[in-house]
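Heads up, there are several structures right after this.
In the two assemblies presented below, subunit A is common to both, partnered first by subunit B and then by subunit C.
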Partner chain A sequence: MRQILKEYTYTPATIQRGYSGKSLYLNVSDLRMEEKVVTEFMKEKFIGGKGFDLWYLWQAVTPETRWDSPENEIVMSVGPLGGITQYSGTGKTLVCAISPMTGIPIDSNAGGYFGPLLKFSGWDALELQGKTEKELVIFIDGNKGLIQFCDAEGLPEDSHLLAEELTRNYAESEEDQVNVSVVSSGSAARNILYGMLNFSFYDPRRKVVRFKQAARGGLGTIMLDKGIKALVVRYKGIKGNTNNPADVATLNRIGVKYHKEMHDLDEKQNGMRKIGTANTILVMNQYDLLPTRNFQTGGDPAAVNISPKVFIEQYLTQGIHDGCWYGCTMSCAKTADHFRLLTGPYAGACVTVDGPEYECVAGLGSNLGIFDPRAILEENFYCDTYGVDLISFATTVAFIMECYQRGQISREQMGGLDLAFGNSDAVLELLHQMARGEGFGPIAGLGIRRLKKLFAEQFGSDPALLQDIGMENKGLEYSEYCHKESLAQQGGFALTNKGPQHDEAWLIFMDMVNNQIPTFEDKAYALYYYPMFRTWFGLCGLCKLPWNDIVPADNYKTETPAKVPEHVQNYVDIFNAVTGKSIDKEELILQSERVYQFQRVFNIRMGKGLREHDYAPYRSLGPVSSEEYLSRQELYDRQLREKQGLDPAAMSLDEKIATTRAYREQQFELLMDAVYKRRGWTENGVPKPEHLREIGMDLPMLLEVIEPHL
Partner chain B sequence: MKILVHKQELCTGCRACEVACSTAYFKTPDRNKSAIRIINNDNSFHARKCTQCGECIDMCTAHAIYRDKNGVVRIDKKLCVGCLGCVGYCSELVMFYDDDLTEPFKCIACNICVKACPENALEVLVSKAG
Partner chain C sequence: MITVNTREQAYQAGMTVRDLLDRNQFTFRHIIVRVNGEYVPEEQYDKAPVRDGDDVLVLHLMAGG
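The block that comes next holds the complex of A and B.
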């Protein structure tokens, strides 16, 4: 056991209707522990999960707080539905902090067992504040009512070793390892700004510790900067009624109905149990949505080399449960077992690689011009164990590669690395440099926003071009969709609270593949409804995938198939069954909107969150280069004719590109206007006081922030 | 492998098997707590009970279902987390649950219903494979 620096005991609260009613505050500066009461006001206005996180974070920080300020907090909460076992996707922990990438609150969610075990240990939320020189492991034992601050000396750096050792250390027996979950990062997170957090769960079939990630926004970087090497929780005794739900019968009935749907329909629909989210690679490629070579194009014939079939047949273990929390029959957390590494400090080792998920294949694959599945899995493994947000990494490297391709930076300026599209050896070496804190690694670890400035100032790169091709908004890198033909998704990325991550509004499929939101009004409405609806998952501790990655067989007959009405009703029913409340689907949206608007005002409080911060780089909106235009010339020429009444035959290529750009930028402005109106915001993107009043969120603390901007 | 077999032609639908099963395991003559269910299709009686196919073993999210040395598929109640995934995933619809209980339940070919059947319509067969 590790040296205990300070120990507290507590009486674990009994969970009632999804809440323990207590939250845990830990300050690592003075090894202090406090219990806080979760008030009825918090439950009413913020529900839980991301709502609780943001509420506590607001109290902790000031407008002057930066990511590495001691008062910045990492807050975690699983929400009232978190930890139920009867429905799929109910183990998500929501994590918030002021992000090193954006300077505003980031919210990121992860599977794995930590959040549910934390709640069942008696804590609806966990706040981590302060900073310490002496690195710590924090251990919470929910059965014994014990909290320990322990010395982290001598522990491995990287997650696959660190979490394995801690799981073994803190479990009371080999069988007990399933009751332990670890939150950790890795060696690269000390040297980059987009370090992430791994949330572990023990897989008793494979006898390995596995991970899901709270990946976005630099949470791992913050945790290590605070001096917290790992969090460990242990709780034994999970059952379907551990949340003490108000109505277990409804929970059971809805759960069994959903499991049966998965059983009957998954193979006919997305095959989530076989391949997980990477099932969409070829569809994305077919519809010009697969980001390729820094989002320059939407696909490549070589995408067939990284198709679902290749991963299923050659790498991913099939036929056994792969969920990241109990009861998830969607079971999409696939693994490549017995994968032999070829590079880096673990070369030669046989490891389990979690994934690849869609973002991984698209980001570390096609967007870097890499179509080698083995290389993608090796990149995936090292991103995970080094604690690297693979989306920010992939999009940043794609940007660097294009800068290199276009002569904006040289090989010498990259420390000799030949970061050309397709060079997976160089990408892996860059990752190892990040882990070692050497060479070009820490520079690439700054993220695109800082690199644009650095390249322009130090390397003489063209700032206008960098602005156009650097796929970031608010400081966060875009996730992996080539969405320039989808106006809805352009807004779905740039008009987000935390930055361009698809979890808020993943509209690309319904816009471009299913054509479910064809008109401008449809798109504006979608950019109201879906961000609000999807926010709700984060309040309750839920995964979004079970909502629409499988749909009832008769879903197409409903009035609004894109909403999947039967599943929305499932969520209403299970919320009521756990909490004993009686919300309907309209109240569900209202619950979300309160937190959504709170987060928008929080952004304004931190100096962002206005219209000027919602603009997208032009690569997101349309073709930047002549090659991009020419790659889909027929489409763009047709749009000039049909949408602008122009004759492309009478125009030069430069004129066509410029005219297309002016039109698309204007469309984006119009979209912003329409969305702001729908969301109850001023033209400058500020929530209106009367709208806040309407939704019951006219809190003085919010009104005070927006008042100067009205 | 042990497996419970139902002889449809002998069954009169008296449901003595259901009573025996639920009483033995849950101390109540409650059909909803029986691991065998007699279904009446126009006075032809069909029994829903586990075929010991084992499809539920690999899909169990808690690794709580296993095949014992007699080839019978069983649930380890200590490991089961009550997710009911196996109930939704059972192709034969013979994994049961009840809201009073925290784990699902199934036929384990224990012979109790066989002894209770007045018509000798039930039998536990032991195949060589088991």
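The block that comes next holds the complex of A and C.
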């Protein structure tokens, strides 16, 4: 066992209706532990999960707080529904902190067992504050009521080894390993700004520790900067009623109905149980949505080489239950087992690769011009074990590759790496450089916003071009969809609270293909409803996927099939069954909106969160280059005719590109106007006091922040 | 002429729902098809006719990862 530097004991609270009623505050500067009471006010206004995280984070920081300030907090919470075992996707931990990428709150969610085990250990939320030189492991034993700050000396750096050793160390027997979960990062997270957190769960079928990630926004970088090498929780005794729900019979009934849908329909619908979210790779390719070579185009014939069929038949283990929390019959957390690594410090080792998910294949594959499934899996493994957010990594490297392609940076300026599109060897070497803190690795680890400045100032690159092709907004890299033909999704990425991640809204089919939201008002409604609805998953500890990656067989009969009304009602019923409350689907949206507006005001408090911060790079809105325009010339020429009444035959290519740009940028402005209005914001993007009053969120602390901006 | 997702398209004599899906490269499996408001089950795509003037909706049910 590790050397214990300080130890506390506590009496674990009993969970009642989804809440323990207490939260845990740990300060690593002075190894201090405090218990806090979770108030009725918190439950009413913030629900849990991301809501609790943001509430505590607000108390902890000031407008001057930066990501590496000691007072910055990492806050985690699973929410009141987290840990139920009757329904799919109920083990999500929400993590918030002030992000090194954006300077505003980031929220990121992860599966794995940590959040539910933390709650069952008696804590609705965990705050981590302070900084220490001496690196620590923090251990929480929920059965014994024990908290230990331990010396981390001698532990491995990378997650796959670190979590395995800690799981073995803190489990009381081999069988007990399923009761231990570890949060860790990896060696690269010390040297880059987009380090992520791995949340573990022990897989007794494979006998390996596996991971899901709270990937976005640099949370792993923050945790290591604080001197926290790992968090470990142990809790034994999970049952179907550990949350002590108000109405377990209803939970059971809804769960059984849902699991039957999953059993009967998954194969006909999305095939989540065979390949998980990567089932959509060829769909995205066929609909011109698969980001290719830094989002320049939306597909490539070579995508067939990274199709679901290839991964299923050649790499992914089939026929094993793959849920990342108990009771999830969607079972989409696939793995490539016995995967032999060819590069890096673990070359020759056979490992289990968690994934690949869609974002991985699109980001580390097509968007880098890589169509080699083996290389993608190797990148996937190293991103995970090194603690690298693979979305930020992929989008940043795609940007670097295009800069190189266009002569904006040279091979020498990249330390000799030939980061040309398609060169997976160079991408893997870049990852290893990040882990070693050498060469071009730490520079690429700064992320696109800082690289744009650095390349322009130090390498003489064209700042206007870099601004156009650098796919970041608010400092966060875009996730992996080529969305320039969907105005609604342009807003779905840029008009978000934390930055361009697809977990607020994914409207591309509804907008671009189905043509269901043709007007600005329609799009604004969608950019109100879906972000609010999806925020709710993060308040409650739920995964989004079971909502609409499988839908009831008679969903087509409903008036609003995109909303999946029966599943929305499931969530209302589950919430009421656990908490004993009596909400309806309208109140569900209000619960979310209160937190959503709180987060927007939080951004304003941190000096951001206004209209000027919501603009998108032009690559997000339309064709930057002549090659892009020519790749879909028929479409763009038609739009000039039909939308602007122009004759493309009478225009030069440069004129067509410039005219298209002016039109699309104007459309985006009009979209912002409509969305702000629908969300109850001023034209500058500030929530109006009267709207906050209407939704019951006119807290004096919020009004004080917005008042100077009105 | 027919309309597909509220956009006009040329009508082709004898076309079926399957022809329409193929022509538009609507390859996504998880869709709902309605012709003049009437739901068309997947097993009827090969035979269900699309007639001149029909209003066809092909709703792709996907809302992201």
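Here is the rule we use: the second predicted complex is superposed on the first by the 702 of 710 C-alpha atoms of A that agree within 3 Å, B and C clash if a C-alpha of one lies under 4 Å from a C-alpha of the other, contacts with A are read in each partner's own complex, and residues count from 1 in each chain.
Following the convention adopted for this analysis, a residue touches a chain if its C-beta (ideal position, glycine included) is under 8 Å from a C-beta of that chain, and two chains touch if they have at least 3 such contacts.
Values in this document were obtained by computation on a predicted structure and should not be read as measured data.
By the touch criterion stated above, A:270 is placed in contact with subunit C alone, subunit B being left untouched. Contacts of A:358 after superposition on the shared chain: subunit C is touched, whereas subunit B is not.
In the superposition on chain A, contact is made by A:321 with subunit B only, not with subunit C. Of the two partner chains placed by superposition, only subunit B is touched by A:85; subunit C is not.
By the touch criterion stated above, A:257 is placed in contact with subunit B alone, subunit C being left untouched. In the superposed pair of complexes, A:239 makes contact with subunit B only, with no contact to subunit C. Shared interface residues of subunit A, touching subunit B in one complex and subunit C in the other, do not exist.
Taken together, the subunit B residues at the contact with subunit A in this complex read 58-63, 81-85, 87-89, 91, 97, 99, 102.
Subunit A meets subunit B in the complex at residues 85-86, 178, 204-205, 238-241, 248-249, 252, 255-263, 319-321, 323, 326-329, 331.
Those residues of subunit C that touch subunit A in the complex are listed here as 5-7, 25-30, 32, 39, 57-65.
Every residue of subunit A that touches subunit C in the complex is listed here, in rising order: 268-270, 277, 280, 282-283, 286-287, 357-359, 481, 502-503, 505-510, 513-516, 518, 530, 544-545, 548, 551, 555-557, 561-562.
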